[in-house]
Amino acid sequence: MDILEKCMISLEEVKKNKPLVHNITNYVTVNDCANIILAIGGSPIMADEIQEVEEMVSIASSLVINMGTLNERTVSSMLKAGKKANELKKPVIFDPVGVGAGPYRNRIAEKLLQEIQFTVIRGNMSEIKSLSGLAVRTKGVDSIADESGGVEAAMGFAARVNCVAAVTGKTDIITDGKKVCLIDNGHPILTGVTGTGCMTTALVGTYCGAVNDYLVAASAGVMTMGLAGELAQKTLSKEEGIGTFRIRLFDAIYNLTTETIRKEGKIRVE
Amino acid sequence: MDILEKCMISLEEVKKNKPLVHNITNYVTVNDCANIILAIGGSPIMADEIQEVEEMVSIASSLVINMGTLNERTVSSMLKAGKKANELKKPVIFDPVGVGAGPYRNRIAEKLLQEIQFTVIRGNMSEIKSLSGLAVRTKGVDSIADESGGVEAAMGFAARVNCVAAVTGKTDIITDGKKVCLIDNGHPILTGVTGTGCMTTALVGTYCGAVNDYLVAASAGVMTMGLAGELAQKTLSKEEGIGTFRIRLFDAIYNLTTETIRKEGKIRVE
Amino acid sequence: MDILEKCMISLEEVKKNKPLVHNITNYVTVNDCANIILAIGGSPIMADEIQEVEEMVSIASSLVINMGTLNERTVSSMLKAGKKANELKKPVIFDPVGVGAGPYRNRIAEKLLQEIQFTVIRGNMSEIKSLSGLAVRTKGVDSIADESGGVEAAMGFAARVNCVAAVTGKTDIITDGKKVCLIDNGHPILTGVTGTGCMTTALVGTYCGAVNDYLVAASAGVMTMGLAGELAQKTLSKEEGIGTFRIRLFDAIYNLTTETIRKEGKIRVE
């Protein structure tokens, strides 16, 4: 079975299992993340109070940690929830939003990496290189860095951290340090809307809650956003822009079928 | 005057009085709640700092407490605000989001119930049964439980807590423990969007800020969401999904008239 | 060069410079603010942890402080960030959401005014008068006060506080205490959506990050929202309402051109 077929089956698994996805995330894109999880067929839990995160991890199928608008209170909750998920052997997905933008954010990302064994880490190349210690400075949180040497950087990072690295960009790179999946879906307008990165991570978290092969789950999540972005962009008239695009993105994910993945999916293993 | 006519008059009262609705709510659906209050004709205040909640309750027509993403800081604010509203005899509406999902959330819901006299409590059957001590476990926050014995459970709960219970589901049950209103509006797609429960509660809060008969106000709020959901769903083409649905839901509420309530409202008293 | 031409050039500067705008804002409209900054051509940072706000100010082009859902934690961050921006001579824009609604909010607004030198303050007339000590009580946060004597009040306030005052209403008043720009764009439906004030402030912050003449930058920001509101409203059919309006507002800002400003801009210097 090739990777495209595995992604198609992953979508069916999500629809069948309706995984419960626990998110500790930022207050900017949290509504979009909840709706995207519902749109693909999962069930979101948003909860970050330290006294209840372990309880939520216990009933969830996966945990997504997103450090967008981190603060001391939620960082403690992230650490507690992540350790609990590790103990219960549930997948933990990390979105290191804006890592590299400053020393504080770097320290927190490092601490999370040290104390939690992540299953998948999803970021742009600048964030992954930053995490990987390659001293790349991001310009804010939505930057796109030079991607030369991207595959090698992603593989090295995945191997070092022992996780699946999902690096989104013009060509998405998903790797466990050995195998590499490359995805050529997507559209530049996705970078013109806040939260498309966070939503991609939420989708990865949803697939990881339904599928045990995390390289496949991460690939399916990233490809889902890319496909939906393409489909949504194609519907836009000249007068429409990011307002309408966002709405159509949710529609496209809600209506995504295995048939669309088969026809439009541009994924290959290298 | 029958209940349908009372609901029609309630809508007129909201438009006329433009009630100021104070919300202490979660950061997932807060924007939707503010916009839904505006759409129906009210005016939202979102404020949760403990030092100012009493001031906000004092100028508001009603208070909505939603425990979606509760934390220690906001729970203290909820308690302070709720007591102040009780003291000033202003209606307090409670949405026990996710109660039953874990011990912490249950403890907080119990504490709120003990210390605040709620006017209306809006939840799904699983949440209401949980609150009612019937040991029903929810699967996350958007669960739909078995509704057998629903009317009796709702009536018993309303009587015990001395409030109006507004239980949303396939058939909505609104009861003060003696009278029961049943509503058959709505559409299953409403459960595919985050925040439709919270928004229903916000609508109930808006009606309660304009209408003194809280059984009627709660019924009007619940029916408003059901009607808007039906109308919005009917407009969807095959390519559209929850993205477009959410937008049309706001449009439908914004354009809701007493005439629509008369024609499409499916409410009866039992 | 007249003010309209200056606004047109300001839009070009935003597109060219892609200013990084740091926002410490409320959790109600934060997503809209991030998307509006992206729509006009800037790049948003949303960060409010006290340990990292100085770092974010250091890499940003401007700082926006919005006190919508203020709390003790974020007020400390606002003070620290504002002082850092003053030290680095970066523009600081203030949105005193709901000032006048209660003593706590007034105290915080006063403290922020005392400790931070603001570049632009954007509010409605009631908020500006409140800030100005004119004891106007707001009814919630979306109130529209009597605007008699508005120009004088705005000029006096701007002179006293040594900032640009951007007072939005039927006719927008932007003044540095000496010159006054009056704008007649906009549409009443803008007040029927939550966050249009916050988004206007975010737009002002974006222009201030790209243009050194802050009277022009504030005027361009305010006019951008007014123009987009007009354009979006014109597209609405009878069945559409604030749901669709919000989406078209983002589309209109995303597609705004200098040509539209030239044709539709209604701004004059008095």
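All chains are identified by letter, namely A, B and C, in their written order; residue positions are counted from 1 within each chain.
To be clear about the criterion, a residue touches a chain if its C-beta (ideal position, glycine included) is under 8 Å from a C-beta of that chain, and two chains touch if they have at least 3 such contacts.
Treat the numbers as computed from the prediction; the structure is a model and nothing was measured.
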| item | value |
| --- | --- |
| Intersection of the contact lists for subunit B and subunit C | A |
| Interface residue overlap between copies subunit A and subunit B, same or different (over half shared) | different |
| Geometric centre distance via CA averages, subunit B-subunit A, whole Å | 33 |
| For subunit A, residues that touch 2 or more chains besides their own | 27, 31, 246-247 |
| Complex contact set, residues of subunit A against subunit C | 26-29, 31-32, 68-72, 98, 101-105, 139-142, 192-195, 239-244, 246-247 |
| Residues of subunit A touching subunit B in the complex | 20, 27, 30-31, 34-35, 38-39, 43-49, 51-52, 55-56, 58-59, 73, 235, 246-255 |
